[in-house]
Each structure stands twice: as structure tokens, then as C-alpha cells.
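Following: one structure in C-alpha cells, then a few remarks.
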């Protein structure tokens, strides 16, 4: 097995009286795609926010490549090589697509080494990867939802991350757009060897593309393993997938391959 | 140093003054809370209330004081709708800076018109009410006490309006989700225009009452606007009771501090409270609505 | 090093050249006025515009590029003026050193104030800056060592030995103070340009557009905001220093008058927030229109002004240059 | 002679622009100051640079005349002398009074007045038992009045601008603290002070000029001074004929600035600024405005040294509110109402 790139250890996060994460421990291995699933309120986005430094955990530790990054401010974690996308996209609306991505190039781990020209060239390269090269001079605010999702991904990739956290990158997309996005994600892994954690509700997609799945429920990890194993796990079926019929359908769809 | 009697008298004076500050801030608070618009024409509207009252009860008309106050307040509704149409409707939901600037521009228009007509010199409305009530050695005129009573009653009425009526429910629905409210059949534009009109009308009422007590110029409203910021931040956006409490805190702080520090420094007290509250609790002490 | 050379090369951009051309024009009028008093009125008219332009160029960094509405920005103009006048009148220092200290004082004040208010966003930040400006104004009204409400007035003897291009004393100051104002403006322009063309500037734009996304992208938003606020304090502080010296006096109620910062905000908005050319055009147009309205409609100029502000914000919210940049994105590289 | 003028918008950033325009474009030979000391200071930087003479009216500050200007001349009584008459009057009317309260605006003008009168009062043996400066624009004074009432003060000196002074008077009337005399800057000299009705009665204030002032050519003879220009009646009637209302002291002050220039030009017989300056430095005349003489010393050149202030008081005369001159005694037309609230 490949080496561990991220280790989350016994993380607890409370908001007022609500405990959003109740001692979550998990590992992410280099080069894999980890699917993070669970019903609404399971604590997925909270976990992302703890990993990326937006929230400081009340207890527990986060290690990235063996280094303790718990409580570091988000920009420091980002510059270590952790990039993320947001569930509700946050493009820099008043800037063009190219400017959005160029800014990200500049703030990657080696961003300060780039000249403007080199940064723009690199940004264009990323835009080609996500298929936005024809919209380089479009204002971000003019893009449709699917393109904004791609821009979000492009901006994260332009940071040259080793670990990429995708927060519902597929939400709000139609089936055709979903497969296109999945295609990009696969390409990213193949060409750039980026480790990814995907928070996703589009079940067949996440089952499809992930190497492993972690299931959160009410702030606790209730299952972990291959997509097949997780889909058959009775606790997961009960807590998340709901009726066994549905779970079966996933398995069937999985059987069909992609 | 400071005798207990003087301290007591100052506290009462600060309380009564604070209630008027609270009323002056109420309109700003509602508009800010409901529409996320920091209405920089608020001070000019307060001044407008003062001069409208002057027109109604001194010259050219000579109506009784109560009629002047009532009419000035009621005129605030159509004026508020006009202001909303001219300065707010188009920028609602846009960046905060947009509405800051349009309402500031509107304030300039109102102030410019007042200065054109009245110049910079101060006016007073002579209230022949010689009758006073003495509390702890300080005399309060009936007009002053009536103004304070009206301010408290108005604040409570606005509280009831916002929390206990159809209008209030519609307003709060809009605050939570404008689109959903529209789907539920709430005419959002009309409600928002009416809310702005309510805010303007409250500003006019406070100006009208203040004009019965103090001398005023077209710029006097701006002083109250600055204090209103402090009060709204203290009391929380859109909260009528918060405005009242915030006003009382500012009134007390200003008056009581003057017993212990040089009077010339007293405006600093309010602004230091403002910055301290913002720095420590950006949502205000009494929270939102 | 590569990036520095590349950034310097951007001054060949048409917008930068336009800025340099304007700066040359400012100096030229000053020099002409030295030789021929017939140009003095133009010089004075430009001087009035330059004070506003410096305020606008400062605001363009924090408001235009970073998105923080610093309503009370005039506090830096006031502090610059006060620091300079105290050194000039009480200590007899020369204007050059006084200017440097004023700039440093402006930046230092921004560092202190920024620590308090830069955690606030939107209207809360705007209002906090108003509160700070008012509190500091009241402080100066009461601080007797700097004259309190009496302000500081420059003695004729403090400039008696000043010489400039054949003039001496007050007359030399009249000419020199304008040339210094033009120089300060050039510095402010250069500052704006190089920030806009830098990685730092791009980081600021990212903060303006979405602070959370910028932070998670790796921008040290706290440090950047603080730095932007400090830099944005320098042009108004310098202009405040030169203006107070030129005017020969400074008083709390004029030095800390909110009008100047609000006019600066309007100038930035008029041209296009975050753009270089827009800020220049906005400030110069505003100042010109104001001079015209003041002389033509002395009593109704406030009304006309108010209407103009509403119309611009409602119908051209991005400002003139901003609108063109959005409409014709291919012109973005020319219209900076 | 031609008059050129502009609206300065009362902001200092316009003043230098417009004074430069007057000098270099309109090519005026002599200038009259903008209103207020602050703006006059900014204008003086320009007029002095060009060697032009400026007559300052509406500028009561002492300080700008101590900065080394050589061609700026003040027709107003400087702030330092504003309230001296109040102390003189108190001494005569009620020698028993020893304790004073000060409640002035915290502005350049009021602060200068207060600083000077404080020194003067203390030199005359008075004790200042309460001294506060309220922020500009303040209109609420009740707490301070309560403090003054407790302080044991017997007379109050205060004020600053019209709005605050009027509110102060009204609230004093409502509270009626145990004061025997109240002197307020500016507000009582403005006719609109009467808007507060009966509350106005008894308040005194120092005035630059009143149409009821007693200067006359005859008086000039007794004082051994040269009389120049119209009499008070001539001025008032001409003003009324032109504008349809009584002239206030601003109007009179503006007029006298022109009158001073006219005098200097006539005497000099030329527009040469150096010659005109000589006349101004040495003149001492009596006009409808009162005595006029400028300091020619280097340390306070141009400062007004002769113009005297009069004290007015609001009284009810035949059921009507009126301003009457109550000080100096030689000019007084009526007995002062003392103590203020009977």
C-alpha cells in the first residue's frame, strides 16, 4: 500500500451545543481517490474545513505528509499543497477565467517563482485540461454552473496541489455534465497523480470513481472500505442509503461498470 | 466629588435623552436589518423632519404642535416610497457599497434642498410650554416628556408591527429568503418599499420631536445619524427594542461620562463604544431580530 | 528578478503611459506658473484635483483592489497633515523630512487601526472607519500639545529662508508646494500601477472577489489586507502633509472632514474600482465637475451632485473604465 | 473700482484656488478676506506671496496675526478681547460676585475667547469654579447646567456659535440655576435669538457692532480722532434701501472692510501697495463701525487694537423683545437687567 499523505486523528469539532465531528480518525493514501459520503449534517464539509484550517478542531490532530498542520491558517495549509473546491462555488466573479487561474498559480507552493508570463502559460495549460481554454477571457460571473464548477477545479489544480479536496464538484450538474466532469477528474489523477478526497451525493459517480469510501454519520465514521464493501455494509444502508432496495440498485449499477 | 443627587439626575437625564437617540436610530436599524441597506440619507431625513415641522407649526403654517408632528410623520411615508424608488430599488441585493453611495447621494439632495431654502443658520421652534416637572433638581418641560413618551410608544408599536402582524411576517419572510417569499405570494417590492417608507417616517418623527426641543440646522440630522450607527451596532440590526436599549446606553454613557471626563471628550465615548463593540461582537450586543 | 523586470516593462502599457503623460502635464503647468503668473490659476485648480486624486489613489488600493470600503480614510490625510505641521512649525524641520515622517505615521496608524477593524467586513468595516475617524478628530480637538481646537498655523519665519527657482519665502513655498504635490501624485500613481501589476495585487483582487476563496487558495489574507491598508494610507498622508504646508494651517475639523474620503470613494467608483486609469479619470473628472458646479450653481451644487452619484451608481455601477473592461474583455490589457 | 468675488464653499481647499484666481486672472489690487479665521489663514498664504494687501473681516482670531504676515489687516475685535467687557461690567454692577463658570464651545474661536477672558478674570480676582468646553454642534446642556448649579458659580460665560448658544440659553432658562448674569458668545447678537421667546430675556452677549451703537462725528471730535465715512443712520438707511432689511454685524463688517480700503487709497493717492500699506499701518480713525487702528508692531502686525466691543442684552421693552446696549457705560442706553431672572 502507498504511503499515507493525510492522517486525521480523533478530530472533534463543536459548534455551541452541537458536536459536528465526534472523534473522526481516517487516513488517505498517496494517489488514491477517497470518497467521503454521508447524509446531510454528517459533518463532511466540517471535516473539510478542519483539514483546510478554516476551523480549528476542539480535539485531535491533522497530519499532512507527516507534518502536524492542526490549527494552521488556511493559506499556510494551501501553500503546503492542499487545495479545495467549495460546495457553493466561489469564483472571483469580476476577474476573467484566465485571471482566476493565474492568481491560483501564483499562490501555489512554488507560486512566487513564476513570472507573469509563465504563470499565464501554466494557467492556460490547466484550462485546457478542464476544457475552459476557449473561455479564458470571459468574466467568471458570465459562466454557467457547469463551467463555474470546472473553473473551481481549475483554480484548485493551478495551485499544484498534492491533495485535492472536492466538495460536491458534481452537484447541480446534468448527467452529461457529470460524466464530463468525471472524465476530467480521472484525467487529473492519471496525468498529475493528485490525491483526492471527494465529498459527493451523486452516488453512482462516487462509487464509480473512488478507490475507497469513508462514510460519516452524525459526526462519526461508521464505515470505511471499497465501494462494494461499503454499499453492502448494513450500517451504511440503515443510516444513509435508507432502504435496502436502493443499496441493491447501487450494487447493480456498480456491477454494470462504467 | 459627584454628589449622589447629581449622579441620579444625570442618569435620569441620560435615560430620557437616550430614548430620543433610540428613536432616531430606529429607522436606520429597520432598513439596515430588513434590506441590508445602510441608509446614509437617514440623517438628512431626520433634518427634513425638523424643517417640515418648522414649516407646519411656525412658518408658513401655524398648526398646533401635535398636528405638526403627526403630519411630518405621515409625510414620511410617501417621501420614503419616493426615496426607495429613486435610490434603493435598483441597487438592492447588489454590493453594499452601491447602496451606501446611492443613499449618500440622496442625502446630499435632501440636504442641498434644505440649505437652498434655509441656509446654514439654525432655527428653533418656540414651545411656549412654561410648565415643567422637576425631577431630582432638573426641570423637564411637558413637551420633552411627551416626546420621550411618544418615542417609547412608537418603539413598542414598531415591535408589535414587526413581530405580531402580517406585515412583519412578510418582512421577516423576505429577510430569510426573498425568492421563497415571492413564491409564497408576498409582493416583495411593495413590502420593501413600505419598509423603507416606515424607516423614513420614523426618521421624520424623530426629527420632528427633536425639533421641538433643540435648535437645528440642515446638518443637525447628521449628528444623530452618527450616533445611530453606534446604537444600531449596539442594539443589533432591525431590533426595535435593541434600538431603544442601545439609545439609552449611548445617552447614559454620554451624560454620565461628562461628570468624570472633560465634556469636550464626550463624543469619543460613543465612537469608542462603537469600535469596541464591532471589534468584539460584530453582531451587536442584543443580537439580531 | 525576472518578474521585477517584467513588471517594470509594463509601464509601456497605454494606461501607464497615460498616467505618465498626466504627471508630466502636472509638472509642466507648475513650471509654467513659475515663469508666468497667468498659469497660476490652472496650477491651483490642478492642485485641488491632486489632493482628491491622492485620496482616490490611496482608496483604490484598499477599496478598489481589496474591496474594503474605508469611509473614514481621511483620517490618514489628517494625521499626515498634523504630523508634518507639528514638525514644521514646532520643530522647524524641513518639508522633505516632514513628508517622510508623515507617510510613516500614516502607515503606522493604518497598522494599528487595521488590527482593530480589518476583521470586519462590508458595511461594518465602513462604519467602524467612520467611528475611528470621528474619535481621532475629537482627540485632536482636545490634544493641546498639537494646538487642540486652535490647530497649527505656520509662521512666515519658518519659510523665510526657503528658496525655489528664483523665489524666496512664502512665494517660494507657493511654487514648491505644488511641485511636491505633483511628485507625491506621481509616487501614488506608481504605487498603484506596480501593485496592480504584481502578484500581491492579484492576491488583493482575489480578496476583493472572495476572501474565503482567496485564503483557501493560499493568500495570506490578513497580512495582505493589513499591508494594503498601510500602503493605501501613504498617498493621503503625503498629500495631507503637503496640503497643510501649502495652506499654512491645519485644524481638526477640516483635516478630518469625512467629505474628502467620500469624494475619494465617489471618484474611484466613477472611474472603475480597482483600475488605474479609472481612478485617474474619476478623480480628475469629479474635481472638474465640482469646480464647474460650484461656480455655476453655488446653491444647488449639492443637489446636482447627489443626483449624479445616484445616477452613476444605479446605471453605471462598475464605473466608466470598469464598464468597458467588462464589456470588452479583450481591452483589459490596455485599459488597466 | 470693481468688485470681484467667488463662493469659497467654506472649505480650505478652494480658498487658495480662488484667491489665486482673483490675483492672477482677475488682477485685483486689494483683497478682502474670506469668512472665518481658518480660511483667512489659507488666503493670507497666497496674498502675502504676491505682496497684496488683504483686509480681514469675519476673522476674529488673534493667532493668525502673530505669524509674521505684513499685509493682512483685521477690522474685527480679536477674540482675546471679546469678553473682557463682561468682566468689567460684572465688577461694576455687582462687586460681590467672585465665582464664575465657563461653558464654551470647543472651537478655535470660542477657545481663544475663553483663554483670554480666563486670564483677564483671574487677574481681576475672580475664581473659575467650573470650566468645560462642549463639542461643536452640541445642543444638550442640561447635565452641565446641573453641575454649574452645584458649583456655586454666580455668573456664566459661554457659547460659541448660534445654534449651540441658543439651545444653551433656552435650557438655562428652563433650569434657572442660581446665576446672576449670563454672557453668551454670538447667539444673542443674532436677531433670531428672539425665536426662543421669553427665554431670551436677560441674556447678554458681546457684539462687534450694533445699529444702536453710538459712534458719531461729534464723538470723534471729543476723542481727537478723524471721522470717516457714513454715519450709522446713513449706513443703515442705505442698506435698508438696497436689501430691504436691517444690516447685521456681518454686513457692517463687510462694508467697513471696503471703507478702510477706500480711506487708505484716498490718503495714499495711489494703488501702490507699499504706499497703501504705510497708510494702513499708521491710521487711527472713527467710523460708523467704531474705532479702527491696526497694530504696526512686527509681533502682531495688522491686529485690530482699537475697535471696542459692546455688550447687548435682551430685554422686554413695552412687551416686545429687544436688544439694548448695556455696556460700556458711556454708550449704554438702558439699565442692565440684573440679576438675570429677577
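When the chains are written out, they are named A, B, C and D in that same order, and each has its own residue count from 1.
We adopt the following convention: contacts are C-beta pairs under 8 Å (C-beta built on N, C-alpha and C of every residue); 3 or more make two chains touch, one makes a residue touch a chain.
Small disclaimer: the values here were computed from a predicted structure and weren't measured.
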Most centrally placed chain - per-chain CA mean versus overall CA mean: C
Relative to chain C, chain with the most remote C-alpha centre: A
Computed distance of Cα centres, chain D from chain B, in Å: 37
Inter-centroid spacing, chain D versus chain A (mean Cα positions, whole Å): 76
Where chain A and chain C are represented by their mean Cα positions, the distance between them in whole Å: 43
For chain D, residues contacting two or more additional chains: 106, 133, 135
Of all residues in chain B, the ones touching two or more other chains: 262, 264, 267
Interface hub residues of chain C, defined as touching at least two other chains: 138, 141-142
Every chain pair meeting the contact rule: A-C, B-C, B-D, C-D
Residues on chain C engaged by chain D in the complex (per definition of touch): 37-38, 40-41, 43-45, 47-48, 51, 138, 141-142, 148-151, 153-157, 160, 169-171, 173-174, 243, 246-249, 251, 253-254, 257, 259, 294-295, 298
Residues of chain B defined as touching chain C within the complex: 32, 36, 38, 86-87, 90-91, 94-98, 100-102, 104-113, 115-116, 226, 229-230, 233, 262, 264-265, 267-268, 271-272, 274-275, 278-279, 282
Chain D residues within the chain C interface of the complex: 6-7, 9, 11-17, 20-21, 23-25, 38, 41-42, 44-46, 48-50, 63-64, 67-69, 106-108, 111-112, 133, 135-136
Contact footprint of chain C on chain A as seen in their complex: 52, 54, 73-76, 78-79, 83-84, 86, 90-96, 99, 102-104, 106-108, 111-112, 114-117, 137-139, 155, 159
Chain B residues within the chain D interface of the complex: 3, 6, 9-10, 13-14, 17, 121-124, 126, 128, 132, 137-139, 141, 214-217, 219-220, 223, 255, 258-259, 262-264, 266-267
